[in-house]
Amino acid sequence: MLILRRFLRDVPAVIGALIVLTLVIVAIFAPYIAPRLAEAFDSNLMMRLKPPSADYPFGTDGLGRDILSRVILGTRPALAASLIVVLGAMVIGIPLGLIAGYRDGWVSETIMRVTDVFLAVPQLVLALAMAQILSGGIWSAILALALTYWPFFTRTVYSETRRVRSALFIDALESLGASRLRILTLHVMPNVAAPVIVRATAGMGFTILTLAVLGFLGVGAAPPDPDWGLTIAESRQYLPQSWWYATFPGLAIFIVVLGFSFLGDGLRDLVDPRLRRSR
Amino acid sequence: MIGFLLRRLVMVVPALFGLLVVMFLLVRIVPADPAAVLAGDNATVAQIEQIRQTLGLDRPLYEQFWLYLTQVLQGDFGTSLYSSRPIGADIALRLGATIELTLVSLVFATAVGMVLGVLAAVRRNSLIDYVLRFISVGGLALASFWIAIMLQLLLSMHLGWLPLRGRLPASLPAPPHFTGLYLVDSLLVGRLDIFVASLSHIVLPAFTLSLAGLAAIVRFTRSSVVETMQNDFVAYERAVGYPQRRIIMPYVLRSSLITPITQVGLMFGSLISGAVAIEAIFDWPGLGFYLVQAILSSDYKAILAVTLVIGVIYAFVNIVVDVIHGLVDPRISQKG
Amino acid sequence: MRKLVLNGASALAMLSILASPVAAQSANEIVWGDLLPAALDNHVALDQPSQMVMLNVYDGLFRYIGNPPDLQPWLVEDYTGSEDGLTWEFTLKPDVKFHDGSVMTAEDVVYSFHRVLGLNKGAAGTFTPILKPENITAVDDLTVRFVLDSAYAPFLAALPLVSIVNKDLVQEHEKDGDWGAEWLASHSAGSGAYTIDPDTYRPQENLTFIRFEDHFFGWDDNPDPIEVVRAQPIQETTTRVMALMSGDIHATDSYLPTDQVRRVSSTEGVHLAQDESMRVMFLRMNNSKPPFDNINFRKCVSHAMNYEGFITGILEDYAVRNPGPIPRNLWGSPDDLVGYTYDIDLAQEYCDKAREEGAPVDREIEIYTQAQLEQTNQVAQVLQAELRKVGVTMKVIPANFFNLVAMMGTAESSPDMWVHWVSTYFVDPENWIGQTYDSAFQGSWRGSSWYTNPQLDEMLRSARVELDQDKRREVYEEASRIVVDEAVDVWVYNTVQLRGLSDQIEGYKFSPIGSGADFRYLSLKN
């Protein structure tokens, strides 16, 4: 409860949490919230490129679809895809980090050298190349991002595990005959959980951003998906007249990513007060 | 120091080799067909089959890999499936543009970021501090490709203040090649007009590219300055009654700016990533632009080559940063 | 703070004044903002932008000029064809000079055709079935003889596909039997009205053309030609149009989206060149896959397409409805061909009928589009919305042309539907209907309908060897009616090409081959 109270005093973190909460609710109920569900996907050739109005608050796009509804529906793929990426990266990255951190010798060494391979190139560049080679599309993008993101978790878990292991109580447990699996799950995992959660929260926002870039460059989501990055790419040929076309999806990305960043910062402050921003 | 360098190299080389293996395997196991790319618009089935043989795609995988590896080690990335030109030469032509763009962004982000960071730290909890803190989180949350388009829309299309695209207007020739950086080369030959033109062309792409790094630097500088200011020595000096400015300038800055500088290596990674979309938007003829072209035309050989080259540059920059860091703080290089 | 903003603004304005492009443009130089070809060597890679190099840097034995395109002898002074259409002799004009000053001889022509056949890429597919390298010979210095394996009616029509290269120059740069391909990828070896500057060539960035004064055709028809053309493709349409409007470039590409057309038309100093071309949009259907093997289902799709809505609503009537595969402005397309009209009730009827006959109408249909070509996405989404009304679900999958081509190898792997255009490579119905619906072309992207009809095969093959054009016309008209009756594919429109041009450009001359990128006619007005 003390923790909760401390969290509530952190204004940006609370804002972040509210944004993320709203995002999740909007994503779940998107079809009910979108004011013009039918016009989100059906082209309406008579209503192309209309500026924002009371009927179409965000205007319409190049096929006469309602941009507000599409931005709302876009919360789903954004949230779902980045959730899959982050969970996928955690599923690969955490066990490897635990093993590498807990064991010594060649196993640990090999795992960490493999993470080097995937960190040898900035993540976006590697993901971009991989997504294209895997022939594009949203699933290629998701796979490519998960495949390039796991090393970050491995690294985090590895160093935390090392720290915990060098604490005396693990040696004590081992000498008492506790099994390795038991030690890892019951004693090490809880200690690693906090930094992992912090990283995953910030990672959600970061992944939404990266997915948008992939969509923008044409190797992620595909039409007619209401993907935000893709919409911005589609809008370019209608500039400068149709300014609303790119503006609103971009704002949506900004707000959502901002939400995850604020929340991630707040969580980190709770977990690791040494790093508090606002002393 | 030499031992330290060697240790770093020993770590980097296997990583780059691993990267080559992973990418090579990916290219070879996917369904898309490089031979079809090469055969072009009007190819028949028989033509594609023949190309597959001349490319050696019908030979065993390990043989193909060995061949590729020996070529790459000699600096030969083969010829583009798309333009039939040597990929290595085409990459070399584009290095200068990317280096110029990232350098200008880096310098801008670091200089402005540090000033703002110190400002925020000194005026802690004031309005400026809150604004800057919002910017430092917001800058990281902005999709750089979006802000690039928005600024292009406003500053180039509507107001006409800045050029839309490219490194130079079509009416000006590129300066002679010394460094590949137009800003430098134009001054070396005394062409002020080219210098000004290329400066006006680089403003928008470099600014949008620098935003994320700028935000990070503001943040690190601020927390690092705040930390120094709270340590005992400064507290003592302040207690004794030294004026604020006298404390900040000589002492606090010197000791607290080392931390953000170490972030430059990390920042370089984000700059290279950001440059891909930014170069595509501004037709900036660098590596990122080349990569996007290669991706659009399914030129797998070029994609592979660019990824490797970026890997090498990235490793190089990180080693340089580590060396600098080691010089500043000798404990690092001893630990390894 | 406000002061800071103002200062920033005025500094920016200063920069833009200092950098304005009035500075240095030489009197007779233009910037051409169209796409560059994938490769300079059109014997290796032949795409639509290749025409820019083929028309300006090289010459062919024949050339298409004007709109509708007229096939004229170009390098050829005189030619004869035997009665049976097998033996052809061409006499070259004397004193045709290559850019290096050497004189073109029959040997250069023979080498060029050998090179195309030997590399077996680009245009080779059109010639390999009828022409063996040993049957192309130099009779004397200026005479070339071709002996075909079988008669091929479009032979002359296809000759402009082969650029004549300078044999000695190319051979100098041959490496391990590569026909000089590596060298020619970045250089030129032609005789055309312009030569290129290899030093400033950057793929997809810049290609500089410099006028060749000794061009064999002479310059009498254009006393004030352009000396230097810098072709600089601009990737994004909006940017391209802005660059035209601000005077940075003198011409855009010729496929401006209609939304940009209005801006060009309403801007001082620039105008729109608008020409009906020969480029038909096809929505392919894989006739071998259920439910597309059911003719009623294909008719359902054909009636569900909102042709008028797409052409009027999205293309703003800058396109002409084309009911069959052959462009309506070319012979062989029946004048009275009506094709299919948008009729959602009729579509529903046909789909119901197909369902009754057991066709799996309810399975999800996949249509592939070419991700970078926005119009293919648009047309697919229009069809998708209409099909939903008759209970057919369709999924739009944007892909890359090369990945698509790789899928076309077998009927199984070919997509349900996909979108592409058939552009003009040579002006003959063979280019549109012959190489598309003759079942011999199955396995390449052209044959991706997997429609097999022995009677149609027979007709198309006979038209290929028939030399009497009136007889061929009849066959092609009949063949058009068959594929339309059978609803093999959905044909949407014939393209109107739209190019933004600076008012300073004079003498622009459009042809479906090259889309007007023939620089020799242009001059610059001040």
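Order of writing sets the chain letters: A, B and C. Residues in each chain are counted from 1.
Keep in mind that, in the parts below, a residue touches a chain if its C-beta (ideal position, glycine included) is under 8 Å from a C-beta of that chain, and two chains touch if they have at least 3 such contacts.
If you're wondering where the values come from, they're calculated on a predicted model, not measured in any experiment.
Looking at A-C and A-B side by side, the one with more C-beta contacts is A-B. Greatest centre-to-centre distance from subunit C is found for A, with centres as Cα means.
The geometric centre of subunit B is 38 Å away from that of subunit C, both derived from CA atoms. Rounded to a whole number, the gap between the C-alpha centres of subunit A and subunit C is 43 angstrom. Rounded to a whole number, the gap between the C-alpha centres of subunit A and subunit B is 22 angstrom. Subunit C has residues 236, 238, 242, 372, 400, 403 in contact with two or more other chains.
Counting only residues that touch two or more partner chains, subunit A has 135, 218, 236, 239-240.
Contact with two or more other chains is made by residues 31-32, 157, 280, 296, 298 of subunit B. Put simply, subunit A touches subunit B in their complex at residues 12, 113-114, 116-117, 119-126, 128-130, 132-135, 205, 209, 212-213, 216-219, 229, 232, 235-236, 239-240, 243, 246-247, 249-250, 253-254, 257-258, 261-262, 265, 275, 277-279. The touching residues of subunit B, counted against subunit C in their complex, run 31-33, 36-45, 47, 50-51, 79-80, 82-86, 90, 93, 155-157, 160-165, 169-173, 193, 196-197, 199-201, 203, 280-281, 283, 285, 293, 296-298. On the side of subunit C, the complex with subunit A involves touching residues 236-238, 242, 257, 259-260, 263, 306, 309-310, 312-314, 369, 371-372, 374, 377-378, 380-382, 384-385, 388, 396-400, 403.
Residue ranges of subunit B in contact with subunit A, taken from their complex: 11-12, 14-16, 18-19, 22-23, 26-27, 30-32, 125, 133, 137-138, 140-143, 145-147, 149-150, 152-153, 157-158, 219, 223, 226, 230, 269-270, 272-274, 276-277, 280, 291-292, 295-296, 298, 300, 303-304, 306-307, 310-311, 314-315. Against subunit C, the residues of subunit A that register as touching in their complex are 41-43, 45-46, 48-49, 62-63, 135-137, 218, 222-224, 234, 236-241.
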